[in-house]
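Before I ask anything, let me first share the structure, which is written out below as structure tokens.
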């Protein structure tokens, strides 16, 4: 039933960069990169009820892993991706195990503290990360002997990676794990009584979120060719949180909408100087107060209500 | 020579500590009064300081007037946050995540607002008293720092008096402990929550006004201050606003001793690590009596 | 002779200086319905939380089918067959009735996050099995019309039934029921009693905490808890005649 809609979407996606200017294609590449990181945050927020402000840490780890592996060690880029994912996952496991004993506000503040500690360490350990100077000249990605050196080519690659991530997250959410996650979100105690290992599950999803952050960071490093500590501040962590909140944390299209929002809004407001920060903050406030299910969630509710009210024809009834 | 370094560290640690304590008290007051951790508490400090700076530089007011303007603005900000933003969410019975996201949004918006309207500059306020220093065991402490400590002590005493002895303060306490019970005795619970936010705004602004002469303030500092204040409140026990004093001073001392014995660059790393350890291992704080939900 | 489903030995517990339970011992033989009654504040909730692992007792032990539960988490106890309900039903508010019951059936399957993400045949089989189990439970409990309704929209009686159905979906061997009849009307209590009786007939062991004397009649043995101590135990009819029980509990 959703298939024709999907085909139209894929055709539009494939043609879009040929219509848009180079600069807009560039923004769409960032939207793909942010979608991947935002998917992880959305998994935690929408399905586990966990607010994380630590996604910037894992994004940074992916980026640094790719930069160090390819520039300092002159090893292949694919290894950078793998190392970035493993490092993000292992660190998330080590940090998540103790920290995810916390819940609610306390957990969120703990992730904020982690992000600030990590940022300070990235800054101080310049022998590893290059500090504020950063690491430059990160090679472009090659794929089957084809170098992804333009926004156009990277656009296709990044969105394919994002689509794979969306598919994996969709499967996770639709399956047994997704049910267990949402049960646990609504009542930790009831879930435990039903033999759901809530701590293990929370840590697992935290690790999944971190690995997505790592992939996103590796893509970022190869796309921009330069990483520095300025890209991994707490603002980035809040931005990653904003993505699922704005679009709708429990919805995968919502994450894409959120990622498009945070990449295109600063562009639209660029004439006003540093104004987009205010818009982001206000957007977060307005969505939380007026549209708790995000943009996509709210539109779905409207549609559902409209469907319920109209005497649905048989064709529409099975949605 | 080394011992004077340690004395110096202790003096600056206590000075920073009381600032953290003020922010922590603001967080604890709002948490106790409404069950919300206000991630924008440091931004209240930012606003208080920036308003005072602009009252002096742009509007040409004298320092005392500017100081009062900053404090009053803090109260108003707290009240507006409650009435405009928190109240509709309370009415909807929003869950904890939503309140947290709301205060993060407020923090982000305020910080971005300061960046937009005031730029990337660092702002300072003049010292209270003279710019001179007192000598204590070969170490120096600015007269302003002494004033800061005195002011904090006075604020703590006033807060204690307010909550224990005034009927308004008692009503606020009652509304936070048992909203339904308080409502049946005729206490306007919503108004009490608004007053709580006003109080939080005042404490936040005062912290900003007192810290700005010591540490120049800039748009991005709010979250760091929030986290330091939260750490102070956590060490002292979140349900006990007075505990934040002890917590703040401990945090300030740990930080400044970390500068002496480790490296100044790791000051925040040490402070936030302390926060994590306290939250995980001693969630009720070292002075807290009651446990908290979760964890 | 098989070990009892639950063997509670000398449980003692205090909060701060307040002693809540002193030397509580009783047995729940496999395949029986055992009752636990006691006035408010007698320590029933604390005891329940100790039995299912939310609380670690300060003294004494809980043996489950002959195994010491000391080192077992709540989840581990549930995995080997102990499921409890709550005094105020804790349903998954944002999930539909069907999804609630499917979560209850999660323990029948094993597939982890990775196989779910890759949608491996194993994961799909697991989900299909959970759906099948949930479907059977929905039919059995007559919840067909509520299938898609979010739990938040249910009445308190329906929530009670959903919690029971959700627990039942995991095929527990030992079901601990905390005040299952509160919030139900007389007809619903009668229906509940019949349900519990059928569960028992199918081989499920039940420990029932209730104020409801009508419901308590299904229990073969009733233990009376008073200020943290078991003061009597025996069949309900006998308890109703016991002078001490009448004095402290039945208020006669």
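Letters A, B and C name the chains as they come in the text, with residue numbers starting at 1 for each one.
We take it that contacts are C-beta pairs under 8 Å (C-beta built on N, C-alpha and C of every residue); 3 or more make two chains touch, one makes a residue touch a chain.
Values in this document were obtained by computation on a predicted structure and should not be read as measured data.
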{"item": "Set of chains adjacent to subunit A and to subunit C", "value": "none"}
{"item": "Chain separated most widely from subunit C, comparing mean CA positions", "value": "B"}
{"item": "Central chain of the complex, centres being mean CA coordinates", "value": "A"}
{"item": "Distance between chain centroids, defined by C-alpha means - subunit A, subunit C (Å)", "value": "41"}
{"item": "Centroid spacing, where centroids are CA-atom means, of subunit A and subunit B in whole angstrom", "value": "32"}
{"item": "Chain centre separation in whole Å, for subunit C relative to subunit B (CA means)", "value": "46"}
{"item": "Of subunit C, residues touching subunit A in the complex", "value": "52, 54, 73-75, 78-79, 83-84, 86, 90-95, 99-100, 102-104, 106-107, 109, 111-113, 116-119, 123-124, 126-127, 130, 166-167, 170"}
{"item": "Residues of subunit B touching subunit A in the complex", "value": "36-37, 39, 85, 88-89, 92, 94-98, 100-102, 104-113, 115-116, 223-224, 227, 230, 265-266, 268-269, 272-273, 275-276, 279-280, 283, 292-295"}
{"item": "Touch list for subunit A against partner subunit C, complex", "value": "168-169, 171-172, 174-180, 182-183, 185-187, 189-198, 201, 204-205, 208"}
{"item": "Parts of subunit A lying in touch with subunit B, wherever the complex brings them together", "value": "45, 49, 51, 53, 98-99, 101-106, 108-110, 112-114, 116-117, 120-121, 123-124, 234, 238, 241, 245, 273-278, 280-285, 288-289, 292"}
